[in-house]
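Listed after this line are the structures, all set down as structure tokens.
Heads up, the next two complexes both have subunit A, just with different partners, subunit B and then subunit C.
Up next, the complex of A and B:
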């Protein structure tokens, strides 16, 4: 089984925001992937952006420059 | 209790829900309709007098239990969040489409899985439409579809649908006001308390696991994530074993008595509309009830739309008929989709496209 590691999980108010984030991160070359929002974070069924913890500053820049409103930023073992 | 931290736990949640469905089928729910959200909402709409088809009127405690189960567990786990404001009128329409599409196919996605597990090849055909519908919804998501965000609202708002369900339960248990079929599928049901308990258990596990048929396929297509499909796998396995053991597994098309028809195109298109609308609404009919239970007024509006859609489907004769054995002639009478049912499905699909490509995320809002 894959070993779990600490990841940064950015959640959004809408699925469309999560998908806009994916597009923006591809353009800004910030590695990561869309995942279903971890159950430990929410009982909802949206999508989140999962990425390396070290890239926190990069992601905050992308969010700001692309005017994407995040709901929250979590650190999770995934 | 975290059910989502391993595939085994997710599959186990599906197994529990499957056992509930098996139990209810054994104790009286109609063949192959052990636990169908669209059919049971339709029956409950009939019980309330929203439609007058006498064979499908019964306040199904399973629907009440699902909403209350989700409400109770979300309050207990402090996950209850009263939210509203994500294009409620559009969601009402999507709810209507979910019900109409389901009643043309004769079952919601959950019943599609149940029918598949009993060898009903019509349901396997319909699965093609459902997957294509979800796929079209995913395409719309990729093109920026959004109904806008929901906001936190007064705590009472999210409790309205659970309270209404409690009201229906009180009317069913203590008054003669609700209609109840004396023949047909509406007359076949498990005892009230058992059905209520089944609904509550199903509701709790569905809330905990986030079980969703449309979500499962959406996540698989969009993110190669198979968590939600694992739950469906557990559910399907239990139903398959039950059907084989009980002799109900009959791999065929025109099987009398299972409340299904073999108009392939309309099975596909009916479930296409359901899959498409479910992705746009953020969940299949089951998931809408669960979300409504945990406080989403938007989902409560979708559920209301399903009630009205189900009522219209019967008032206007849109719902399909199932293949049945004529009691007098002993001949098989093939089930069919009425003309206006076909027109309704085409309108539903057209409306889904309009909703999907006119509601966009506003960049930099």
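Up next, the complex of A and C:
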């Protein structure tokens, strides 16, 4: 079985916010990708931004500087 | 063919617009429905187009841009979603039926309406507009330019009035978007309604609206949103709140390419050509004694539109003859602007509208002037 790792999962209210996040992360060079929201999380938007937990500070900065409204930031085993 | 019906739709779309639509049709899944690569291709392009439009109209951010099928849909969303029984709304005789008919429906439900008249040149009075504002006035809903005369309404001036009086400004930029710069923040526009297929140079079936932050509009449609599935109500967050169902991703890709094309070419450079063609045509036809031209040509700050009649000839007959004998495409009749025609006294005759784009040439304009001359001489 594939070994699961702890990941940071950012959820959004709208698809537009998720797209803004992907674009901003590419610009800020924060690695990650959009994934379908895991069932352990309840979220508005069906897509979430999945990334390394170590980058939490970086991502909080991106969200703040770009004024992106996230719904929540979770830690999940994925 | 000499195409002079650009106020209805522009016919020669830029190559990058066509390419973007084709590419989209070959690669787009459904935006916001899942995270597959095709779905993301669509979602990314749609989001980029939102950003481009927010920049183009100087909106605060991409979430304030809503995609619709055209100005008519945007205006219906705004008008039916903002006003309630007891509200008073001010509009003008310059308006298109896409403003008037939704407002008339609101009247049936108890909204009060004041329709501002115009002078013989087709211009409104801003003093009259301000005087018409009452305690229960909720908004001014008006066009940026008449689709019949090409006369413009000074939205910055209207926005100054509406801001000072604490009421809303809902603006219809169908004829001006892509031709004149529209700065929603500077002009004090609360809702801007635009279409993608005229001056914006995008595909038909594209359009949208800008909604000022904090302004809540009751949605006209509810349904699939790709988000918040278990909520029995349609999500309230923008832009999803006003977008139900699959978006026209293919068209929006084209619209995004069109905005980039306009920015590259520059609106002022394109407009300079259009106004020059309009002026050349106006000077040519206004010398013909049988010709009556409508609208205010004392300024070049107007849309590149010239509407005219020849004697008391039926406008449909003139337009048909221009098409059959010269291959010149114009629009006769009433142009969905009943009150403007009544104000000009042309409700029966209609008018023949020539509307120019940057791809029209001096030679084409010369041919059109000659055609009018010949028709007038035959009468």
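Throughout what follows, the second predicted complex is superposed on the first by the 74 of 78 C-alpha atoms of A that agree within 3 Å, B and C clash if a C-alpha of one lies under 4 Å from a C-alpha of the other, contacts with A are read in each partner's own complex, and residues count from 1 in each chain.
Everything below uses one rule, namely that a residue touches a chain if its C-beta (ideal position, glycine included) is under 8 Å from a C-beta of that chain, and two chains touch if they have at least 3 such contacts.
Fair warning: this is a prediction, and the values are worked out from it, not measured in the lab.
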Touched partner set for A:20, first subunit B, second subunit C, both or neither: both
Partner chain(s) touched by A:34 [first = subunit B, second = subunit C, both, neither]: both
Residues of subunit A that lie at the interface with subunit B and also at the interface with subunit C: 13-17, 19-20, 34-36, 44-47, 67
For the subunit A and subunit C complex, residues of the former touching the latter: 12-20, 22-23, 34-36, 44-47, 67
Subunit A contact footprint on subunit B (complex, rising order): 2-5, 74, 77, 79, 81, 86, 141-142, 144-150, 207, 210, 212, 215, 219, 222-223, 225, 227-228, 282-283, 287, 291, 294, 360-361, 363-365
In the complex with subunit A, residue positions of subunit C that touch it: 31-35, 40, 43-44, 46-48, 50, 61-63, 226-229, 235, 237-240
Sites on subunit A touched by subunit B in the complex: 13-17, 19-20, 33-36, 38-40, 43-47, 66-67
